[in-house]
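Both of the next two complexes hold subunit A, though its partner changes from subunit B to subunit C.
Now for the complex of A and B:
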């Protein structure tokens, strides 16, 4: 098990990570969510022993790894957000190069390269220079490099940024299979809430350097269990209509986009008369409305006051 | 470490253009500025001596470096001087020789001395040989040749680097100058790998692997050093073995003596890498540093001819100054390690300071 204890990183300009605590057990997938600047990347950098913390500790099997990071590095794979590969090498050459850094015996490395190429679906393209790969292929190889030494723990920092839906699905399936077949524990950060919902057993939500919520998906959603999310489709939508909605004390987390207005109301609250009267007053045509269970996005909005991708 | 070096060499093999271009530029500039301008001074010769003696005299005269003696008849030789095609003509006679020079040729007295010595020796030998009967002359000539090659007294001329004399060999100067200057770019290209790897997070990947950071640094620095060294060996070998430039017997010493300079340049580029955030900025900083260093260090022209005290003082900050001192030292001056202690020490001191600061700043930035 990896435990993060009171981990802190302070700079002259401020504190990027402020006394956070979390853990990850073998075989589970943990999501780390947070808007830009929340401190996720700094947390990952400290967790992967790239930068030393100002305070706190990272424990592997209850032993600190700060003084001797090699024990953690042997069992940890890191998939950076950036494509950290040599464009002028082929996929096979890249895998061989990074595999050699883990001092793997030649025959073992040869086998692992073949297995990893299969896992990431690049066995047919393994002799092509990486600079000629598509974005999705580069992302898959970026993951493959981190899998070579069969890590027990894998940190994946936004592994699906900027790729087509097909490659994204392939990556998500690869991650799922990896977790199921190899029992690899994964820390997964993403801006895509649906990815986190699909993959993760537990979730930590970070904001302004702190962990502001944690638990299973159900536990996190239960934060909003006393509320319902209402999505209303309207026509002739106007700013005055929105302003009047915002003034209603029983509506919260109001969000609008392209003829859709979403808000949360307390369960049991009869909001319909007010909504109808506002529509009539502003001559807004109410086309439909839907009562939804709260999503992680709603919880995130509720906790941070910001949408995840803002 | 070997793995990193091997990978860098594969990358060099796939993208060799800048290495090849820089090597060609050094060769071109060194050739054009050093050897291209070194056409031999033509001197016309006409003679009243018999054919054999004239040939012997010409053979001896042609041993003078940087001068091309050509035999003409009298009318032709005088016409060449008149028309300014040659600066000097030599008229060889039985009892003496005569120099006919153009009015602007100021080195006639120097040539008079040199030619006089040669003329006297040849005529002396001729007098001795002809004093014997014809059947013995061949034997006497071989005895004279033997005496000449195994002289009883061996007189050597040496120059001391500290005797204040400035000895200038334009071929070596331009070769050394451009090599020391341009190899900065080659080494910088090697170190730029490190800047790019930090930028695209390959460096992070290396850092979280099982090999130590020291090994990563050593591999990167060794690659840059070897890249520069390979280029220097290549260029100097081309000029020594291919073009025939005289290294005064110090060719192999040159290959060893250049090592501290290359080490210092690796340290300098690491220092620049520590303050440059991007590969583009790194290249810009290198250009901004390398050109003034070359000017101040005497890569373009000998620093000995500069009279400005400011420039002479500034030249102490340029590694090229010390590089030129060392290379000239081991070739032209035949200097020993003791005599080169000061430039060697300065290069190593600069290397240690720049490397220390550079790596520390890089590490601090890596932690922020």
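Now for the complex of A and C:
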């Protein structure tokens, strides 16, 4: 098990990570969800022993790794947010190079390269220079390099940033399979809540260097159990209608876009008469009405007052 | 693992056409251009055709001497010894002897006696670098000036302005001749002439001798070595830039995570630079061997010098990488490649032999890696031995140690990740 205890990173400009605590056990997928600038990458860099924390500790099997990072690095694979590959080498050459750095025996390395190429779906393109790859292919190889030495723990820092939906699905499936087949524990950081929701058993929500919520998906969503998210579709939408809606004290987290208005209300609150009356008053046509399950996005909005991708 | 780091570095460089262009194509091109453009200047190939001097003498020397002796009898007794001395001082004869009996001058100065009637024709044809016209009674007047304080005689010299170099040589000869006879006059006045006169030997003769005793440095040899030692410097900048790119793209993070110590990483930069620098030099020298017929006797010494230079380049690459990592920017390697290489090349004599400007500049040049190596290569081209190379080897070794120590001191812990 890896434990993060009161981990803090302070710079002159401010505190990037502020006394955070979390853990990951073998075989589970843990999500670190937060907007850009929440401190996820700094946390990952400290967790993987690349940068020293200002305060706190990282424990592997209850032993600090700060003085002896080698023990953790041995069992750790890191997929950085950046494409950390040589563009002028082929996929195979990149994999061989990093495999050699891990001092893998020749035959083992050869086998692992083949397996990894298959896992990431690049076996047909393995002799192409990486600089000629698409963004998605580069992302997949970026993951492949981290898998080469069969780590027990895999940290993936925003592995799907800036790629097409097809490559994104491929990566998500790869991560899922990897966890199921090899029991690799994965820390998955993202600001895409649907990815975290799809993959992770437990989730930590980060904002401004702090963990503001944690637990299983259900536990986190239960934060909003006293509220319902309502989505209504309207025609003849007007600003006056929206302004009047905002004035209602029992509605919160009101968002609108392209004839769709979403808001949360306390469970049991009868808000329909007010809504109908406002529609009638502003001659807004109510087309549909839906009560939705809260999402992680809603939770984040509820906790911070901001959307995840702002 | 260490081998993988080096193989990767070599592969990356070999797959970079723009870098190869700078490291191999440019020096070869420059060797060609500079050898042919500046070669004639360096090698004195601006053919100094034989200096042709026409000597036109009006009147008969012997008759004038006899006339002077007859006149001089009225002023002082003429002994046989003095008569012999006067006969031996015939100026025109001495001028001829000064040129014809001087081994160095004889090789490229030729005197043709031209009759008085052909003087105008000679002037118009301009086939001579200079025409010396000795007027009527010059010898008589000259002896009167020497012994009886008579009027100072003069003769005319026509220099062909179209042949500046040869004309200048003639001018020097005439100046020397005049100097010699002014000296004669002084010696004569002080009664020292009879003790025999030693005409100072122009220093140029000894200089020529020194040059002729060493192997010849042609422009092709000079520029092959000077361009090789200049362009080898670019490898340091290139490797340092590539290493910074590894930090910038987080590849360095991966290297650290693979439990590679930063010192091992820095050492791999040094070793791969040494290999690439050796490779570059070998390619350039092989090219020079086949295309310019430059021979490499004392191959072992060439190898030693090249290895030492390559090590220093490795040291520079390490220092630049350390600076790049420390300041988290590629500025150090950029400044080195864009400005410092040119300064080092100038000080080291890659553009021209800067050591000829002053001994101070020569000393500074010897403390640049390229300058020390260039000087060493030129010595080797002149067939020197290992002992002659010791100053070069010492300087390179000192530079190497200083750079390596500096690089390891400067390289930040964890590669400067914060």
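Methods note: the second predicted complex is superposed on the first by the 310 of 310 C-alpha atoms of A that agree within 3 Å, B and C clash if a C-alpha of one lies under 4 Å from a C-alpha of the other, contacts with A are read in each partner's own complex, and residues count from 1 in each chain.
Note that in this section contacts are C-beta pairs under 8 Å (C-beta built on N, C-alpha and C of every residue); 3 or more make two chains touch, one makes a residue touch a chain.
On a predicted model such as this, the values are computed, not experimentally measured, just so you know.
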Contacts of A:174 with subunit B and subunit C, given as first, second, both or neither: neither
Partner chain(s) touched by A:145 [first = subunit B, second = subunit C, both, neither]: both
Overlapping contact positions on subunit A, where the subunit C interface meets the subunit B interface: 11, 45, 48-52, 70, 73-74, 76, 78, 80, 82-86, 88-89, 93, 97-98, 100-103, 145, 149
Residue numbers on subunit A that touch subunit B, as the complex places them: 11, 45, 48-52, 70, 73-74, 76, 78, 80, 82-86, 88-89, 93, 97-98, 100-103, 145, 149
Contacting residues of subunit B [partner subunit A, same complex]: 3, 7, 10-11, 14-15, 200-202, 204-211, 366-368
List of subunit C residues in touch with subunit A within their complex: 1, 3-5, 7-8, 11-12, 15-16, 249-251, 253-260, 414, 417-418
Contacting residues of subunit A [partner subunit C, same complex]: 11, 45, 48-52, 70, 73-74, 76, 78, 80, 82-86, 88-89, 93, 96-98, 100-103, 129, 145, 149
